[in-house]
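Read from first to last, the chains carry the letters A, B, C and D; within each, the first residue is number 1.
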Amino acid sequence: MAPAPLLEAVDVSFTYGASTVLDRVSFTLGSSEVVSLLGPSGCGKTTLLNLIAGFRQPSSGRLLFDGAPITAPGPERAVVFQSGALFDWLTARQNIEFSLSCRGVAKAERRDVSEHVLELVGLKGAGGLYPYEMSGGMRQRVGVGRVIAARPRIMLMDEPFAAVDVQTREALQEELLRIHAATRCTIVFVTHSIEEAVFLSNRVFVLAKRGGTFDAAFDVALPAPRWDGLNRLDPEFLRLRERIYLTMKAGSPAATTGARAHALT
Amino acid sequence: MPSPRSHLALVLASPLMLLLAWDGATRFSLVEQILLPAPATIGAALWDVLTRGYAGVSVFVHIGTSLWRVLTAFLLAAFVGVSLGLLRGLYPRIDAVCLVPFELIRPIPPLAFIPLFILWFGIGEVSKVLIIFYYAMLVVMLNTQAGVASCPEDKIRAARSLGASPWQVFWRVVFPASLPHVVVGLRVALAAALSILVASELLGGDRGLGFVISDASTFFKTADVFVGIVLIGLIGLIADRALTFTARRIVHWEGKT
Amino acid sequence: MSGHERRAHGHAEQGRIDAEGVFIRLGQGAEAFEAVQDVSFTVPAGEFVCVLGPSGCGKSTLLGALAGHIAPAHGALTLDGAAISGPHPDRGIVFQHHTLFPWKNVRDNIAFGPKMRGIPKAERHRQADEILELIGLGGFAGRYPKQLSGGMQQRVEIARVLVNHPRLLLMDEPFGALDALTRMMMQELLLDIWTRLRTTIVFITHDIDEALFLADRVLVMSPRPGRIVEDITVPFERPRRAEIVAEPPFGRLKRHCLDLLRPRPGTDTLPRLSPLGAPPHAR
Amino acid sequence: MARPRPLPSGRSVPDTARFAGVGRWLLRAASLGVCLLAWQAAAQLRLDLGIVTFRNVPPPVEVAQAGIELLQSSKLFDHVTSSLSRVFAGYGLAALAGVMLGLAVGRSRLAGDVLMPPLEILRPIPAVAWIPLAVLMFPSSELSMIFITFTGALFPILLSTIHGVENVDPRLVASARSLGAGWGAILREVVLPAAAPSIVTGLAIGMGTSWFCLVTAEMISGQYGIGYYTWESYTLQNYPDIVVGMVLIGLMGMGSSALLRRAGARLTPWHSTDEARR
């Protein structure tokens, strides 16, 4: 028998008032996978992430982590937020040490970990800066580092690079793959960028605009390591990106709104 | 746009012009000295009051009395207000219990309570301090509560997902996040406290800067009225600047992105 | 053909930009720096030009100068031969985040330009409704900006500028904040509108795909101080389909742009902007 | 110790559900009832706790009787109208002056440089400190009280207006200029509406401070007015009337604030819908 999956979702639904945000979603995640949840805004991808994080409970269905239902948030499923959600009153180092100090880890040991993590996320020497002294890219690095220091089994990322400019975003994506290679922790990555999803993931789940079901899942079979920056022009990469775009466009009612302008001519 | 130098000149010139106009108006008897004494007269009165005191009491006793009243009340109000505000922000039950009584007394100008407080606590120091305390506390409490409510959900979620206990979420996240609002509340409360202090001293007692103003005006010693006003303004200015300075040190991240 | 398009065609020969040795300085005193350095180019009337460059390269500053919000320190910047001396409805500008007036509904937002020209209420509302149809938001005239999605807000923003029949449409990363799907649909919509109105468009972006998909010509700018390092003519046929992004000629041109934009080792300008946010190959 | 509410924002569903509706209102009413009962008991027992004594405090029932008496006499009308007309005049002038000055200072650096230094010097002085001087300076006590009400309201309105005007998104002004708006149109169509929420806040704060100043002024030098009525009752040891006066002051302050809030929400509909949507 195969080992139990790290995360298992069976017919997970989530309703909010009268609206169904997620409708019977099922999937499994294994160790060290990088999976992207891709979809337009309002498709329920962030809700799914919140369910895995334990901020909310599914209305029906089963959501199992390591074979046990998820009931509360915890450091084994830590979240990186789009806004960064850094603690403005703490330095980069103190932010990274947050989970350790909550657990009462001794100062010297915390220091060792944060030193290591700061280097891993490319912020060596910047540990004393406060969030307001950092650029957007640096803040997201701290956000990732803060989660890495908690040693999660799954790192949940909610559009973490959406607010930074393209150059920084591409650099951060490449760094994330490096970090993944170093830590081997499973990553669930929410994004609305097709290119980002394809670049980062082993698998891409596309969510439909309404109704919150999976439209399609794509396996990304691109050679690793991908962080030399050239794979973004790989024909296979571009073809996959195109295929996903067409799938999303076909499944989206918004596509008809866009076509209305053509109808006027 | 003016150059930096002419900008500075304008900034300095406007109060100077005002002072000159004032002096001129009094010198040429455009206004009666009894209504608006010349700046020099006020300066002399200030020196006189500083060296010889007012109403047979050293001016520093008046200043000290006023300061004691306002600082005692303000510090008490800060402590109680922050504590109550945090409790109301965190526990909906406590908030529900507090809501109606506080909402009912909130719009009543604190001065309206003076007669009642005098009835309750007598005419002495206690009622003056308590009336300042009561209103300043209300302001601090409401701002603190708003601060707790303003803590971004993302930050709370981040802390929980990093393994913080409810107590750690409060102490390490919600509390620091609400500090900027607390500071605003303290500043507003300080200004209000000073107003109430003066008002209550105007209405009764024989010590304090409010008494100086009120007493001087009954004897038409207008220059001394101005001295009292200037001293109160100075106290207000220094207190506000000191509070802002301290707050910037503590809440150093506020207003920066 | 609607009345709006007829009037717009009257402008067809207008909208030529000439920039000659333009320098732009920003900041004051000791913090002053040159954002744009010795930039010269010409855009014929009715052309779609994209300005491509990394963030902080001064491309938005250049756009600000074309709009008339910033005055160049040196050089000549003219539209149809007349020097640009201040903002004017002839040169409409669209920002990355919408600047719709939150206190006006969609119709009144669009009618703002006509109102400033003193056009009576009934007439300016008619013009607004006409242009709302053009951008595919016919039923949304009474909504407030807050009640619209990001894509719709940008469409209204474009409409508010187009209602003035500008000779020049200036766009500063107008789709930068939209999600991928909406963004691609907005690009197609913009091309569709441009095909019919033929206004000159200067479009700022840092997204190579977007520039190559939209433009007749791409001006590539270097990091600060901004200079034009290459003037690329985009050969793809119009009307363009979204699918061309996946074709080999597109990929080759994109690779070329990437090489131009990649920060060279030894230049210290980009790292100074965001010391640790620079791409890893720069270090 | 109970568990703290995990999500202090209004979005947490279980909490609002638990406390919503009838139960919550009952709890609130009960809390008020307990306060009233405690008052009645303390007053009836003539409680003396050393630092606080209820020996002279009238019970709520007596207060209610005094209130009814006042309602039936013609005095009430005189007191209320004179207080209201003073606030109306002083506060109205302050609103006008505060908003105009604020617009000027916020929009023009020159106006700021010329107007702000003297105002900055006057600002830390509490408005009530001017009362004795105002009584001397103005020929009629009516004018002096209007002046005090004006001074009390001016600074909050002025400062909020400046704050609002200075924080107008410069991109909005830039795009209005691009769309052909001139100086006056920018002020009218962009700056004023954009600063409106902040101005409304200032007007609300100013309403509170102007009532505060008026009541103090009336206590010191008034002949009619609700502050005077309260203080007179105190000097005549008419204890129930004191409480009636307080309640009246509270009602009028609350009423004018509520009116202002209503008007503010009416004037800035985009702002309130914005809040509601978030």
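Rule of thumb we're sticking to: a residue touches a chain if its C-beta (ideal position, glycine included) is under 8 Å from a C-beta of that chain, and two chains touch if they have at least 3 such contacts.
Quantities reported herein were computed from a predicted structural model and do not represent experimental measurements.
Asks: By raw count of C-beta pairs in contact, what's the busiest chain pair here?
Replies: Per chain pair, the contact count peaks at B-D.
Asks: I'd like to verify one number: the distance from the centre of chain B to the centre of chain C, where each centre is the average of its C-alpha atoms, in whole angstrom.
Replies: 51
Asks: Could you give the separation in Å between the centres of chain B and chain D, each centre being the mean of its C-alpha atoms?
Replies: Taking the average C-alpha coordinate of chain B and of chain D, the gap between them is 17 Å.
Asks: Please report how many Å separate the Cα centroid of chain A from that of chain D, as a whole number.
Replies: 49
Asks: Considering chain B alone, which of its residues make contact with at least two other chains?
Replies: Within chain B, residues 160 contact more than one other chain.
Asks: What are the residues of chain D that contact at least two other chains?
Replies: In chain D, nothing touches at least two other chains.
Asks: Thinking of each chain as a vertex joined to the chains it touches, would you call that graph a line, ring, star, complete, or other?
Replies: Looks like a ring, each chain touching just two neighbours.
Asks: What chain pairs are in touch here?
Replies: A-B, A-C, B-D, C-D
Asks: Provide the residue numbers of chain A that touch chain C in the complex, in ascending order.
Replies: Touch list, chain A to chain C: 40-41, 122-123, 126, 135-138, 141, 164-168, 170-171, 174-175, 192-195, 227, 229, 233, 235, 238-239, 241-242, 245, 248-249, 252, 254-255, 257-258, 260-262, 264-265.
Asks: Touching residues of chain C toward chain D in the complex: what are they?
Replies: Its residues touching chain D are 67-69, 86-89, 91-93, 95, 97, 99, 101-103, 112-113, 116-117, 144, 146-147, 160-161, 164.
Asks: Which positions of chain D touch chain C when the two form their complex?
Replies: Chain D reaches chain C through residues 169, 171-172, 174-182, 185, 189-190, 193-194, 196, 268-271, 273-274, 277.
Asks: Any idea which chain A residues touch chain B in the complex?
Replies: 53-55, 72-75, 77-79, 81, 83, 85, 87-89, 98-99, 102-103, 130-132, 146-147, 150, 156
Asks: What residues of chain C sit close enough to touch chain A in their complex?
Replies: 54-55, 133-136, 149-150, 179-182, 184-186, 188-189, 192-193, 196, 206-207, 242-243, 245-246, 248, 251, 254-255, 258, 261, 274-281
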